[in-house]
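There are two complexes below, and they share chain A, which is joined by chain B in the first and by chain C in the second.
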Partner chain A sequence: HAQVAAGTPKRNIQLSNIIEECSNGRRVSRLLELSPKKLEPLPVEEPKTPKRNSRAASTQPTSASKGTPKSANKMKLIRDGTIKPNIHSRDAPVQHDANELALARERLHVSATPSSLPCREKEYEEIYNFLEGKIFDGCGGCMYISGVPGTGKTATTTAVLRALKQLSEEEEIPKFEFVDINGMRLTEPRQAYVHIYRQLTGKTLAWEQAYNLLNKRFTTKAPRRITTVLLVDELDILCNKRQDVVYNLLNWPTMPTAQLVVVTIANTMDLPERLLMGKISSRLGLTRLTFQPYNFRQLQEIVMARLAGMSAFNSDAVQLVARKVAAVSGDARRALDICRRATELADDQAKKAHLSVTVSMMHVQQALTEMITSAKVKTIRSCSRMEQLFLQAVTAEVTRTGIEECNFLGVYSQFEALAAFSGVIVPNPGRAMAICARLAASRLLICECGRSDIYQKILLNISTDDVHFALQASKLL
Partner chain B sequence: MHRRTRLSLRSSSINDKENEHELTQLPASPRKRRSKLPVVEIDAEREEEVCVGSPKKAARKATRTRLTDVEDVEELENGSHGAVVTDLVGKLPEREKEYDELVGFVENVLSSDGSGSLYISGPPGTGKTATLQRILNHPSFAKKLKPVYINCTSIKSVGSIYKKISEELGLKVSGTTEKLYQSAIETHLERKHKTIMLVLDEIDQLSSSKQTILYSIFEWPARQTARLILIGIANALDLTDRLLARLQARCELKPHLIQFLPYTKQQIVAILKACLEESDSLSRFPEAALGLLAAKVASTSGDIRRALFIARRLVEGAKKEDRKTGSGIQTLVNIGQVMAVLKQVYGASQTLSNDLEEGFPLQQKILICSLMLMLKHGKNKDITVGKLYDVYKTICSRRNIQAVDQTEFISLCTLVETRGIVRLQGKKEPRMHRVCLQWDEEEVTSALNDKQLIASILSDVSCLGK
Partner chain C sequence: MDAFVKQIANTLPCRDGFVRQLYRYYRTGDPFPPALYIYGQSSTGKCAILREVFRQWPGEDEGLRCAHLNAISCYTNKILFETIARQLEGAKLSQSNNYSSDGKLEYAKDFLAALRQRLDSDRSYVIVLRNAERLRDMAHNLLPLFLQLPEATGLNISVVMVSSLPFEKFYTKTGLPPLLKLFVPEYTRAEMQRILMNDFAQHILGLTGYQPRQDKQWLFAVTEEFHRNYVTLFLGTFWKVCRDVKELRLVAAECFPPYCEPIRDGTIPAQDSVKLWRNITKTLRAALSTMYMRLGTKSVGKSVTPDGTTWLAQNLELPYYAKYLLIAAYLASNNAAKEDRRLFMKNHGKQRKRLQTVNARAKVVEKMTTKLGPKAFNIDRLLAIFYAILDEKVGLTCNLLAQISTLVHLKLLTYASSAEGGGGGSAMLDGSATRLQCTVGMDFIMQIGRMVGFNVRQYLTDFF
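Presenting the complex of A and B:
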C-alpha cells in the first residue's frame, strides 16, 4: 500500500498501528498514518476491550473530520474522556400495566430510593451538619460511618450530598466537588486513584500517574481551590497489607492545602481499631456514626411510605414482614424484597382468578416460607436409600464417638451394621465412597482431603436432628 | 489528537498542550538542552548545576501551570474562607526541645562536613512529621542543604524508593531498573555534592524479608565521600534494633535515636491554647474544660490529633449555638459538653448500649445468649458455628420461636461480628469457623438490655446436653 511505502524504513509496523476498515464489503487493512514521534508504542495502562457501542457516540466534532474512528485512536479518546460510554436504547419503552399491584411492585423495588428517607432523620442531620460545617470552613476532615448492610448508610449520605449540591447551586453555601468511589468496584485498591482522578478531570491514567497528580493537587497551595467531598464506600476492601491507599486517602485531609473531606462507609463498627494501623486510625479521627438496624416499627414505616396512597397492601401483612425481618437482621432491602415477592404472588393469583386481589397475610406467609425455608430436609428426603443409610451411619458414628469429625472406616462399619439390620446388601467400600462423594457434592457432608480414601475425614454439614427429622417419615426409622 | 510518548507520560504531564506550552515558555531550558546533549559531554560540574538548580525551578513552574490547568476545569469560585485551620507547622509549641536537638544534630553534621543517620520514633500524632517539616523549611539550612522528603507510603513498591530518590535529586539515569537508580544515587554520593538531607517518613513501609533496601540506605552515610543526613520516621520504638540489627555491629552505621514522647497534659493544654488563640476562640473555653479534655487525651494516647479534633468539635458546636441564638454573645463550652463528647469518643460500649436499646434483633440476641450459655456451662470452650447452631436451635424450639436455618445463621453470625461482639476465626468451611466472644459478660448484658431473656436462657443448662 501507498501508506506503507511512504513510511521511513525505520518504522516498525505494530499491530496497534494497523487498522482494518470495511469498504464495499471488503476488509482492507492499512497502516495508520503517524508521524515518527507518534510511532512510540501506545501507553497501555489498563487493557480494556474496546467498546463496540462507543462507535455510535464517537461521531463527535473531534473525530468527525477523520471519518470512522480508528481502533487505536478510539482507546485514546476513551481514556481522554472524549467518548462517553453508552448502551443501546430500546426502540420503544416497555409498556407498563396500569394495574395497582404492578405499580406497588415498582415502588417496592430496592432501587426506587425515595426522596426523603423515613426513620433516618437523626443520622441525616448529623452527616449534614458535619459536611456543611466543613464546606463552610473550607477545611478538611474525615468521618466514619458504619452499620450492618441494608440500614440506609449510602442512601442517607448521597441524599445529604444531593441536598448540599442543590444548595450550592442556589449559592446558599460555597461550591464543592463530589467524588465517590466504591471499594467493591475496584479491581485493586490502587485503582482508587484512577477513579478519583477520572471523576475530577475526566481522564483515565495509570494509577501511579493519577496518584502523583492527585498528590500534587492536594499538597500544593491553590488560592481558588474549592472543597472536594470524597465518599469512600466499602472501606474495608481498600485495606491491603501495606494499607498505603487508605493511608493516603486519609492523609490528604490533614494537609491544610487540600480542602478534602472524606466520608468513609463500612459495615464493621470497630474497623479502625481492628483492621487499620494506629497511624491511620489516628488520622481517621473520631467522628463516627453508627447506623443501627431498623426495628419493626421503622421497617413498617419504610414500606408504608413507599406504598403511600395505595390500597394494594394489607397493613397487617406489612407488619408481619416487618416483624419477621426485624427479628433476624433489620435489613430494609430484605423487607422490600419479601413485600415484592408477596405482590408477585398476589398478582399471579389475580391473573388466575381474574379478580382484583390485595396482598394479604397469606401471600406474605407464602413469600416468607419461600425465603426462609431450608432446602436441606427436602434434599435428605429425596436422597436414595443407600445415601440415607449412609447419612444415618455418619450420625450414629458421631453419637458413638462424641466427636464431630469421624473417619470413613468408622462410618463404614456403622453403615454395614445398619445395612444388615435393614436387610439390604452392603455395598463394597468403593461404592460407599462414591455415595460419600455424592453427599459431599450436595454439601450434606463435608469431606476433608478427598484422596486419602478410607482414612478420609467426614463431617456432617447439617445437624443430626435434621437427619432424624427428615428420615422419620421414611420406613428406615 | 495529541499522541503521548511513553517518556512524556512518565514525566507526569497531563497533556501535550501543556508540554508544548512549557517548552515555548522556556526555550533555552536546561532540561531541553540536556535532552539533546549526549550524556558524555556533560561534565560533572555542569551536571550538578543542571541537577540541583534548574530542573527544580522548571518543575515548580510546570506544577504551577499544571495546577492552574486543573483548576480551570473546576468552577472558579471563592475558595478560601476564614476558618479554624489547625496549621501549626509555622511554629510548633511544646516540641522545642526535640526541635533544638534536631537542629543541633543537623548543624553538627554540617560543620563536620560528614554525614549522619537519625531515627525518629513515637506514637501517632506526636508531631514527628510537623517538626521535620519545620526543619526542612528552616531558612538557614536552605542554602547548605538539599532537602528531600519522601513519604514511603507514596511509593509503588519497596524497590521503587531508589527511583523516587533519584527523581527528587534530579539525577540522570540511563535505564529504568532498580539497580541503575541505586548506582546512580551511589555515584552521586561519591561525587562532589551539596549535603543532602533525606527524610523518609513512615520508614516501616520499606521493610522486606531480607531488608536489603533498608540496609543499603542506612549504609550510605558511612561512605567516604558521602555527605548525607538520613532521617527515618516511624512509630515503632525499636525498629532499628528489630529490622536493622546488623547496623549495631559498626558504630559509624548506628543511627542516632530520638524519641517523641506522647504529649502530657500540660503540653496539650499549651498547644490547644496556642491553637485557639490563633482562631480567636480561646475565650470560649474555660480553663477547667481545657484541663479535663487534656487530661483525658493525655491519659489514653497523648495523640494531639485527637485533642485538636475534640476541641474543634466543641468549638463547632458552640458556633452552631451562636448561629442558632443569633445574638452577638459567644456561647461558652461547658464541662458537661466536654464530658459528653469524651464519653462518646472513649466509652465505645457504653454509648453502644445507649443506642442499642431498641435496635438489637431478637435472633441475634438469642445467638449471643446461647454463646454465653455455652461458655459459662459448657465443657468445651472451643465453639464452632455448627455446635453453636445446635444449641441455638434447641433454645429456639424451647421458646417456640422459629429458628433460622444454617446458612441464615452463618450470616447472622457475621452480622454480630460487625458489631465487634464476636469474632469468627476461619477454616474454610463456614460450619467449622470458631466463634470467640470478644466482650465480657457484663458488657454484653448491658448491650442486649434484656435481662429477662438472658437470665432465662442462661439458666436453661439442659439445652446443652445431648
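Presenting the complex of A and C:
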C-alpha cells in the first residue's frame, strides 16, 4: 500500500505539469475527476521534506475521507482549479406527495426551463443560424440580443448552445468551446477576464495576468485552434467609464486569429448607440435581435405548454393570468409566479376541504390581488391616526402652494389646523418630526435627514388620490 | 436606592431625579434598555454622573463593565470599535501587547463577532458615548447598530449616548428603532447657589495660599454665613450672563480673595455687606467682561477691553506698506465700487444732488456696509486704492505683492472664492480670478489708521 501511495503523487505531478503546459480546461477537470478514486486508499503519511509536502498536498484532490488540506494550501488549490467548489447535499431527495397540484407547481417553476421554448422559434432559428455559420466558417463575429426582462433571451440562447454542443459531440459540426459570463455576477468589469480565463483553463489569476494571457491567446496564431463562443449576459454592467473591458471583448472577434464569437445580451434596444463609444458599437456590428414582450396568447401558450397533459388548471384561469401580465409587462416569469401562487392557494383550500381542487378563476384573482396591487394604500390604512393626519397635512400643503415640494414649517402649520379641527392635541414640532421620519422610513414621504429640522423639504411619494382614497376608507375625511 | 443617591449627592448635588432614573434603568438587576439617549445643555453634570453611576462599587454589581469614550476622538470605525471592544473586555494597552488589540475590527460585522465571542454573557455591559451627535457623520450603519446592540449580540448590553442636541436631529431617511430619552435640565438659581457654596473649603484654601501666613486672625471672620452672602452677591451679577457651572465656579474662586481683601486690611468690617459690595463691583464687572476667556487669576481686577481688538492692533507690528495695504483692503471691502471714482480721484465730475441719491444716503444702521459685512474685491482694485491713499509713489515690487499674500497668511485677508481659481492662491496674478475679503473690524482698522496718521472714517461712504 505504502509503495502505491508513494508512487501515485509522483505520477500526478507529471500529469499536472502537462496540464499546465497545454492549458486545456476540460482535460484538467476530467483527469481530476478520475484521480480521487485512485487515491482514496492513500493513508496520510509523514512527508520528509517541506518541498515534497507542498507538492504532495497540491496533488491530493478533495476527498472527504482524507483530512482537508491546510487553508493556505487549500486556497492555492482552489486558485489552481484543482479543487472544485461543491455544496453540501442531502442524503436523499425530499419525498414529494404525488399530488397533481404539487406536480403542476414543480413544472411551473421558473427554473424548470423546457427544452424547447414555445413562441420563440423564429428567434431560436436566427441565433442558431448565426452561430452555426460562424462555427462552420471558423471566423469570429458579434451578435447583440435585446429585450425587456422575462422574454426568454438567455433561455433561448442557452438552448441554442446546448443543441450545438450536442451536435458537436456527435461530430456533425466542428468542436467549439463555450464560455459564459454574467455582468451581474462580477464585482468589477475587469473581473470578466478572470472569469473567462477560469472557464477556459480552470485557473484563477489576477485580472492583469488573465488579460495578458487571453490577449496572447486571441492574437497569436495557433494551427489547431477551435472556435470559442462567449456569451456575455447583462452587457450594460460591464460598461465602465473607460469601456476598456467591453472594447476588448468586442475587439478580439475582429482578430482573424481569435475565432471568437461573442453573443451579448442586454435589456435596452439602443444600448450600443446610447452608452457605448463609437469604436465599440461599430465593432458590435449590426447583427441585432430584439425579443418582443409576449402577448397574452403567447403567455397562455407558454403556461399551457408547461401544464401539458394535466388537468390542474382551468383554462380560463390561465387566460386571465396571461391577459393581466401581458397588459403590464409581458414577463413570462411573472405569469409563472402568479400561476404558482394560485396553485398554492388552491392547495391550501384542498387541504382544508380534503377535496381535490383545480385552480380556478377565484384563486387566480386572489393571487393577482396579492401580487399586483400596491401595498401603499394598505400601509396608509394601517398608519396611526397622527400619521394619517400628517399625510393629510402634506396633501393640503401641496394643494395650497401648488408645488409638489413643501417644507416642514408649512406642513406643520397645516397639521396644527387639521389637528385642531379634529379635536386632537397638537403634537409639538419634535413629535411631528418623529412622525415625519417614520413616514419617510416607510417611503410614503421623501424627506431630508433630520439635521435640517424645520427647514427640511418634504415630498409626497404617492399620488394625492391614493392618500384621499385610503383616508376616505378610514373615515378620516 | 436612597443610599446610592445620597452617596452621589455628596459630590454631585441637585441631580437626585436623574440619578434615580439611571438607578432604575441600570442598577435594579433587570435587563438594560438597549439604548438610552441623554441630552441637555453643556455642563449640567451628565457625564460626571454617568461616570459615578457606572463606577464599580466595592461589593456590589461586580458584573458590570463600562466603556467610556468620546465620539470626536473616533474618526474611523476601527478606532471606535476597537476602543469599545477593548474597554468592555477589560484589557489594557501596555508594552506587553505592543499597545494594540489582538484583532482588527474594521467593519460592523467584525465588531459584532468580537463582542459575541470575547464577552461573557453572564456579565452586563454599558457603552457611554459622549458627543453622540458625531455618530451621524460616521458610517450610516453605526447609529442603527448602536440602538439595537442587545438584539445583535445577545448580551445584556446598553448604549448610553450623551449629547446636547434633541433626538429629532438624529432621524435618518431609513428610520431608527425607538429608544429611551432622558432630558437633563439646567440648574436653577437655588441649585447653583448650593453648588457654589459647596466650594467654601476650597475658597478658604485659596485665601490662605493667597495671603502671607503671619496674620490669620482675620480668617475667623470668614464664616459660612459670610460665604453665603458672597455667593448671593456673585450670582446677582453673573446669573443673567452665564449658567455654566464650570465657568461660574472658576470666576467665583477668582473673585473671592479681592472680596476679602478689605477685611484683611481691616478697612471694612465683615458684617458691612453694603460696603463690601461697593468695593467689589468694579472687579466683578471686569471679570464679567473676561468671562469664558480663561485668562487666569492675574487678570482679575485689571481693565481689559471686552473684545481685545485694540490690544491686538497695538501689538501687531506690521510693516508700513502692509498697514496701508490693509487699510486699502478695508476700504475696498466696505465701499461700493461705484463710489471709488468720487472717493479717490482728484478730478471727479460734479456731484448732482438728486432726491434719489439723497434718499439713498439716508441710511439706517442695519443697511450700512460696515454692518453688513465685507464684500469681495479683486487685487487690481486693492492696488488702485492703495496707490490712491498713499502719498508717496512706490514701485510695484514683488515685496509689495508678497505682503498681500502675507496678510492672507495672517488671516487679516481671506480668499472670498476658494472654489474658483484653484484655491485662490494660484491665480493671484491673473487679477480677475482671485477675489479677496478683508476680515478685520472697524476698531482695528481705526487703530491702524491712527498709527500711520490716516483717517479711515473720512473715506468710508457710510459716514458721509
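Keep this in mind: the second predicted complex is superposed on the first by the 405 of 477 C-alpha atoms of A that agree within 3 Å, B and C clash if a C-alpha of one lies under 4 Å from a C-alpha of the other, contacts with A are read in each partner's own complex, and residues count from 1 in each chain.
The working rule: a residue touches a chain if its C-beta (ideal position, glycine included) is under 8 Å from a C-beta of that chain, and two chains touch if they have at least 3 such contacts.
For clarity, every value in this text was computed on a predicted model and none was experimentally measured.
Partners chain B and chain C fit side by side in the overlay (superposition on chain A).
With both structures placed on the common chain, the touch criterion links A:A434 to chain C but leaves chain B unconnected.
Once the two structures are superposed, chain B and chain C can be ranked by residues of chain A touched, with B on top. Contact with chain C, but none with chain B, is seen for A:C447 once the two complexes are overlaid on the shared chain.
In the superposition on chain A, A:N182 contacts neither chain B nor chain C. Put simply, the nearest alpha carbons of chain B and chain C end up 11 Å apart when the two models share chain A.
Common to the chain B and chain C contact sets on chain A is no residue at all. The residues of chain A lying in touch with chain C in their complex are 429-430, 433-434, 436-438, 440-442, 447-451, 453.
Of all residues in chain A, only 34, 37-38, 40-43, 62, 73, 76-77, 80, 129, 133, 136-139, 146, 148, 174-175, 177, 200-203, 208-209, 211-213, 215-217, 220, 222-227, 242, 244, 247-248, 251, 254, 256, 259, 267-270, 274, 278-279, 282-283, 285-287, 290, 292-295, 326-330, 372-374, 376, 399, 404, 446, 459-465 touch chain B in the complex they form. The touching residues of chain B, when paired with chain A in their complex, are 1, 3-7, 9-10, 12, 14-15, 63, 66-68, 70-71, 73-81, 83-87, 89, 123-125, 151, 153-154, 156, 202, 205, 235, 301, 303, 305-306, 309-310, 313, 316, 320, 345, 348, 355-356, 358-364, 384, 386-387, 389-390, 393, 402, 404-406, 408, 411-412, 415, 417-420, 429, 431-432, 466.
The touching residues of chain C, when paired with chain A in their complex, are 136, 166-176.
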